[in-house]
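The same chain A turns up in both complexes below, where it pairs with chain B and then with chain C.
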Partner chain A sequence: MSATVATGPALETAAAGRVGIVRRLSRRPAAVVSAVTIAVLLLLSLLATPIAGSPTAIDTREILASPSGAHWLGTDDLGRDVLARTLAGGRLTLLVAFGAMAVSMAVGTLWGFVAAAAGRAVGEGLMRAADACLAIPPILLALILVAAFGASSWTLALISGLLLAPQTARIARSALLTELRSDYRLAARAVGVSPLRTVFGELLPNASPALIAQASLTVAWAIGIEASLSFLGLGVQPPEASWGTLLQEGYAGLYRSVWLTVVPGVAIFVAILAFNTFGSQLQQALDPRQEER
Partner chain B sequence: MSAVDPLVEVEHLSRHYRVGRHHVHKAVDDVSLTIARGETFGLVGESGSGKSTLSRLVLGLDTPTSGRVRVAGRDLAELDGRELRRQRRQMQIVLQDPVAALNRRKTIEQIVGLPLAVHERMPRSARAERVRELLALVGLPSAFAQRYPHELSGGQCQRVGIARAIALEPELIVLDEAVSAVDVSIQAQILNLLRDLQGRLGLTYLFVSHNLAVVRYMSDVVAVMQRGRIVETGSRERLFTAPEHPYTRELLAAVPEPLPHAREIEGAR
Partner chain C sequence: MNGLRGYVLRRLGAGVLLLALASLLTFALLRVVPGDPTITKLGGARNIDPAALAELRHELGLDRSVVAQYLSWVGGLLQGDLGQSYFSQYAVTTLIGQRVVPTLELAGLAFVVGLVLAVPAALVSATRPRSIAARLVNAATAALMAAPPFLVGIAFVVVLSVQAGLLPARGYVPFVEDPLENLRLVAMPALTLGLAVAAPLVVLLRASLGETLRAPFIRTATGKGLQRRRVVLGHALPNALIPSLTYLGVTVGYLLGGVVVVEYVFGWPGLGSLVVDAVLKRDYAVLQSVVLLAVAIFVFVTFVTDLLYGVLDPRLRVGEGQP
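== the complex of A and B ==
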């Protein structure tokens, strides 16, 4: 790869490192498909109301209707359009998931970086703490946290983010440790770069792709947690629609009108698969040893 | 050995690592040496003899277990973090692996300009200009400024590493196996570049290598290291023609007869 680059004409000055990753990703069909799926999901969620109409509009003549021209995916037991509710639900679910991702990345990256940079005792302590968090069943921990903070979309994002932070901390620590051992970091020290500038100016750009991959995986997990907790009535509260609450509403009439559960179920499945695939594709593209296989 | 104007003074320097509960590994053990201003001090020994540890101690990149290092009269142990970073203007390093020593996500301009950005207050345009001067000094076209390390060959990367090391016009440069990872056909070019720069900029080199021919070509004074200790120090002529210590003799005898490259290069001088 680098051989062709070296002999070619002068490259554009824009970050070639990043361009390299985009190019490597574009050669992986799974990465392209998952990226497109994510883009479509985001677009549909953003344009939910213009596309499918209001998620709360009630059509009393069409209760529990099957899919038709007027209601592509049918209606629920109050005569609300299932497509409109699924898209609106996706908006909230993705919002909560991205919020959780932001919390997880902020807390987890700081956690992992401190563990990597601190002395042995502190670092080990922080990582054993992360292990301890990961050893507790997440739903159980979520139950406790919901009991403490109450149930709403915002606390859900916060709780999911905190639940996922230890995993991020591990990734962040190992990513930074790799860079800390590198020769160019020694060179930066020898030049006289201050420790803070070394971490943020020199090491972070090299560690960030691993963190971006982790962010994508975190979104996938957060969607799962949102759906689980809302399904249990511990997350998003009706009448707000999310994929989790839709699943719960549909579950009550599972044997009468199966699409009420199938539609949000498929949405959750596709979204988690897309974010998971994209994250792991990115991880693999970043690892040249895996790339060669 | 003229100790008239010492730039580096190392006194009874040790660096011990604890291995397990009872064993102590003495990477550097009671080493003393003096490097005079403007000379090239060759440090030779087999791998694991403590050369690299010693070179890092001299630059204050590692903390000694005991002993002291003075560079330009200043005891490195007495400097706090900030003063040590300022002291780094005076002393730089060129590492063995030329590609790994460069941040892969930075352009050559950013890499060579980093010491300037840290130590010199100058506008960006002036820095870019200075980087181009430095690249010219190490024999690289200025168009390389916008490239990334992976677009360059190993030899070119090592020239970038050298440009970074001389950016602040330091007095001391530690060359830690600086040509060992470079293709043999390029080694002579890099060595000649280093000698040329030494003449122009009045540099002092601590030249660390396991390669006797290369050390012989570069050094004024040579020290032989074995298991953390310096077993013999002497001028190049004396050490290579009349080695005193048995280990030095052993090292010289282990080189395939009779250093043909060193002879050729020296003859050409």
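== the complex of A and C ==
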């Protein structure tokens, strides 16, 4: 085993680095499979109604029907099409999860960047605050936030986003610290580029693969939080349907039909697995030491 | 010795500070937001008798200033009095007392299950990475890392209760009343939570074992002719376990969080279902105390592991070489 000289992405030029990442990712089967799965999930939920019809249409002749040509995944206890309900539920779940991701990335990136750019004392204080937030089990913090702000899709996205922000802050800080130490940043400073332009023109784009990986992981976590809280009745509120509420309804009638529990359960699992895998594959591809194995 | 004492005091101070911050944060979040739990109690209707509302608020002490409420809560806490539940007639301590035994049983068993599963799994995965068993372990770990604990629980219920009819899906009997039925009922929730705890532990142990196995002292042990088995179990494993000790705090955090949803899935009458109930009813008196209790347990465990680590790794006491 030879010693590895750490040639970080920092040494490559920005554009070449990003092309390199895409090529390295495409050589990883798990990354490709998860990326395709994510694309399919997004497409399916965008085209939910054209594909499967209305999620609220009731077919009274078909109650708790098994999968058939007319209803690919059968129907629920009111005669609604399970596939249509699942796709529509996925749309809300993914919407909430992406909302949470946006909140988490905005708050967390700012948090981490300020911590990295500010002086020692402020940066240290900000990171200690992130540690303190991470110390409290997230579900408990989520319960307090739900009790305080009420339960709905909007608050759910906001709450999950805030919960996941400290983690993003850590990643953003370390990514930026790497970039701050790089030679091109010194060069930019020497030529007299304004700090703000360096941040948006150079530092942020260079740190972006690390942040995209984090965003993908954040979506996975947010889907888990949505499902957990909605399952407890503390998230999305009926009549709105998400994977979490579908699972809750299905689980309540488990002995009448296992199908209504299994479908949303599998959907949640596949979605989380896909976003999780993609995020960690990207992280590994970014780390030259891991790449070598 | 002085170094160790300073280290202990610093850690203790950090723990108390975190606890104080958590109590402030919990309390503030629950009070700052508009809305009032008493309205929910009186039925949430529009025509609430203002006199009845005022009386109820006075009874619960909600008409005092927020600062006064906080101080009286913390004052009571220090004397072991957590106040009255807003909705039932019981004191919060009574409610917690009723629920603490089932939760301790579930969490304790899950912890044991997690350890018993994780250590051999990590050993297989680290020592024979190309074997079929290792591949199975890795796939299962990845799946379990992705699935929220309650999904695993639901899968168990679907397969073992509904399809196979082997175990009851939900319920609770105290161990002292019917030990056998108690164990039958706790099996699935404990396994569910145990798997949730095991997965991150496998990831950590696998990495730590892999690193240890490449260390020079392992080559020495192999070089002097020790059996592979003794090298791994006697030399590598103990050393690999030390870093995962710091992870104990995180594991307890996982347990505390996981217990909430897993109890709900299996209808287990512990602190988790108490807290979910409290959120649904906006029973802040119960909610804030249970959450603080959880944070206190977490802080305590973190403190103890920090201490143990400080004893096992002298570098930390001196304050150098901290990772």
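General remarks:
We take it that the second predicted complex is superposed on the first by the 276 of 293 C-alpha atoms of A that agree within 3 Å, B and C clash if a C-alpha of one lies under 4 Å from a C-alpha of the other, contacts with A are read in each partner's own complex, and residues count from 1 in each chain.
In the analysis below, a contact is a pair of C-beta atoms (placed from the backbone, for glycine too) under 8 Å apart; a residue touches a chain by one contact, two chains touch by 3 or more.
Only a predicted model underlies this, so the values are computations on that prediction, with no experimental measurement involved.
In the superposed model, A:121 makes contact with neither chain B nor chain C.
In the superposition on chain A, A:247 makes contact with chain C only, not with chain B. When the two structures are aligned on the shared chain, A:205 is found in touch with chain B, with no touch to chain C.
Of the two partner chains placed by the overlay, only chain B lies in contact with A:191; chain C stays clear of it.
Residue contacts after overlaying the shared chain place A:182 against chain B, while chain C stays out of touching range.
Comparing chain C and chain B on the residues of chain A they touch gives the larger count to C. In the superposed model, A:149 makes contact with chain C only, not with chain B. Across the complex, chain C is touched by residues 1, 132, 135-140, 143-150, 220, 224, 227-228, 231-234, 247, 251, 254-255, 258, 261-262, 265, 268-269, 272-273, 276-277 of chain A.
Across the complex, chain A is touched by residues 18, 21-22, 26, 29-30, 32-33, 35, 142-143, 145-148, 150-151, 154-155, 157-158, 162-163, 169, 214, 253-254, 256-258, 260-261, 264-265, 275-276, 278-280, 282, 284, 287-288, 291, 294-295, 298-299, 302 of chain C. By the touch rule above, chain B contacts chain A in their complex via residues 59, 61, 84-89, 92-93, 95, 97, 100-107, 114-115, 118-119, 143, 146-148, 150-153, 161, 164.
Within the complex formed with chain B, the chain A residues making contact are 2, 5-6, 10-11, 13, 15-17, 182-184, 186-194, 197, 202, 205-206.
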